[in-house]
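Labels for the chains are A, B, C and D, by order of writing; each one numbers its residues from 1.
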């Protein structure tokens, strides 16, 4: 595959792959949440991504932004919990930002992640270092801004890597939000579950573009 | 020791030994009840015999019958449950029957067991074969009647043996009373818990007389 | 299987201590009497009295059903042991207001013997006593042998109605009549999936192979109808209803019932609600109308897992007493 | 540790099915609304509305607190997951009678985000919404950071009072004022001795070494004050009270409180009563008078073992609303 940019149909296909990846990752996501939260993160993400997959299968999207927003809405209304609000906002806000884009290229990726990150932070009030999805999302958005001019494949490679190291960095953080916040130091050593989810999402996007 | 008959002091000492034996047997009695009932028979007997032991230690009994009845009353009012009623009645009714006996000999033993068995049957309506304490008590009472003329040591030997085989015979019976009745055939193969208690009681009496 | 850890004091003092704690939970409305009874304060002179009781360890029953428009007192035994006769007597004397006392309790050999002895002692004191035994467990004997049946969760509905009636009627005979009708109109069946444990020893109250369920099993593990592999709630609901509806209580088109889905201990209320969801359409299919549903863990055996289903067929009189408000630690209700 | 076997259907459908079963338990007094709400029928026009909600799996809360003189509706999430914004909106629309809606729920990130989004959607529909967060768990943050505290069992007392007030007051502001006072007067602390399990996977909700207890641990296993070896009820009671009384709620000689001893799931009512027995003299020593005691498993996390203690300091106004009768699946009360 390995493309410079994706058309609507391909974006839908890529998102479908993201859904599959997250659905299949339920056990490790729940396990991650069990260490620092209430153990249901994988189940919530699975529920959200199953709903999103159905929406994607229905099709009929007029544009790329609507497809991304549909994933957000499906997650938002099927998941509930902290992650329903957070990931729903991530895709909805991010999607809104690529309105008008005919193709999903590195520039669109950067716009998507920037708006996604802003939306998530506005909703959840978390900063980098608070041991949330923001710890993977913010560096990913930054990296995307830096690689706006690169081919999509290359950009996604770096973005996935940034998300991955953000997730890894979350291991050493003390949580300030979500159920993990009450654990204090107890959560140190475990990565944030939402950060793990996000890093798997961009990984799946990368794998679609560069299988 | 090995005596023809016991005086009041010795009866009290013998009953104290019975208490010790039953208290120490809590685990096997509870286990027996667990197989066919609710698993608390040993705990109830332990409670009853601990109360009886205290009463015996208080002393001040004017006669043998009163000492036996005191054991019955202590069991009756401390145990509750089926076995509180049954064993309380056993000692109370049996005790009443030896009123006037200066010495506890084989004749007194026979009178005690006959009245004990009648009392228990009147209270609980169980017949031999119903898988209750009666299966050990009735043959013991019969044997005591037969050995009325023998030395106490000899009589208690045969009575203990009769109780033991009665208890063993209860293994093959289907319960008609108590919680075990609902087990139907499920209780077959296990002896009745109350029959086991009774056989330990006469065993302890025998062991006092013939250590 | 590792048992649920317990937060207690002396494992042999649980029954005595929980009774103290229960009395405290009434905040002055009830008091401890004698060795092991709890009795409501301020029982009016001339009131027909209702006394319940049984072994401890099944909280909140029976002693938690003492309350306003509920039982006037309870005679409490040690863990899983019927109360001894002297406790029954003490409770009887404390609740009697000159109009006699109804003993209402579950049909177990130990309870029957001890309450009967208590009644004998009470009659020596010139207190009139009547007894109604609760034998709602249809799985424990065929209908021809009702007197061999155990009392299980249906007791909650029966005690509620009897308690309301006891506050309203003016003779023991009348209370006996109403209570008998409630008892005769009640059927229950339970299913066990794991044993509770005896507080004093931690030993399980019975053995049940993992993954198995005892259909019709009693709350102490007494034999039921069969042992099966655990199935789904939707599969179990018709089996339980079949056992209840197959009994000799006529129930059909137009009949109104109370439905009680009870947890035996650690079975969650989530599961009770899922069972309720499965039961309702099956009852509706038969034209049986549920007047009121009770969901809760009121008849338990420590942390035993499993549930029971009880139905009580209503008529206008029983409905009137059901509709009355009541307040107790174990069951409370606003006026309907 | 082997988990308690569950009697359910599709492990992923538990939340939806228990909601159906809950609606059925109201026998026509309540209905299901939209995707995941339960709402009382016959709410009078002009009534100030009280909406509660949260994740499922903690039954009977929150949705089981819908009832007469209780919450008017509940927005229900999946197992352990806050309800999504559209469910919150549907519930809001269904309970609104033109006088506005109070959202009353536990202070968890997921709940706050989703209810806030629901409120935004409701305000687009011109429905006035106010929010009072429940943050009674004193072990979860110091008093200066109340907004970081979790909501645990104290919610039952707060919802009961708010529900009664909602039936009596005629403005949302008044309801907010009373509810805030009840909330500000409530303190709780819990202790966990074993985890519950997630219905969909059977996995434990948290890890706790056998024989240990998490003092101050939250109902999902959130961090508490310390992890200790399990001790006796008599040893634990003063520790729990110290945590509550050491907080910033003034409680002393002559004050009247509600006391709620709650089981987190499989901890028996026997243990709650033994804990109550241990607590009462300690409160009496300080001259604190218990006006009413509530004993029960109302705020649970599946078959989790452990208990919590909550106190609510009363004044005449709060007492008036507490004394009103109420009826719900989770908590009912006869008029005091």
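The rule we apply is simple: a residue touches a chain if its C-beta (ideal position, glycine included) is under 8 Å from a C-beta of that chain, and two chains touch if they have at least 3 such contacts.
In this text the structure is predicted, and so the values were computed from the model without any measurement.
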When each step joins two chains that touch, the fewest steps from subunit B to subunit D total 2
The chains touching both subunit A and subunit D are none
Whole-Å distance, C-alpha centre of subunit C to that of subunit D, is 28
Note: subunit C sits from subunit B at a C-alpha centroid distance in Å of 33
Cα centroid separation, subunit A vs subunit B, in Å, comes to 75
So, in whole Å, the Cα centroid of subunit A is separated from that of subunit C by 54
Flagged in subunit C as touching 2+ other chains are none
Residues of subunit A that touch at least two other chains are none
Contact graph of the chains (line, ring, star, complete, other): line
Listing every touching pair of chains gives A-D, B-C, C-D
Listed in rising order, the residues of subunit C that touch subunit D in the complex are 1-2, 4-9, 14, 17-22, 24-27, 56-57, 59-60, 64, 68-69, 191, 193-194, 199, 210-211, 213, 230, 232-234, 236, 265-278, 280, 290-293, 295, 297, 300, 302-303, 305-307, 325-327, 329, 332-335
Interface with subunit B, subunit C side, in the complex: residues 12, 35, 55, 77-87, 108-110, 113-114, 117, 140, 148, 150, 198, 200-201, 203-207, 218, 220-223
Per the touch rule above, subunit A residues touching subunit D in the complex are 30, 34, 37-40, 43-44, 47, 76-86, 88, 123-124, 177-179, 181-184, 186
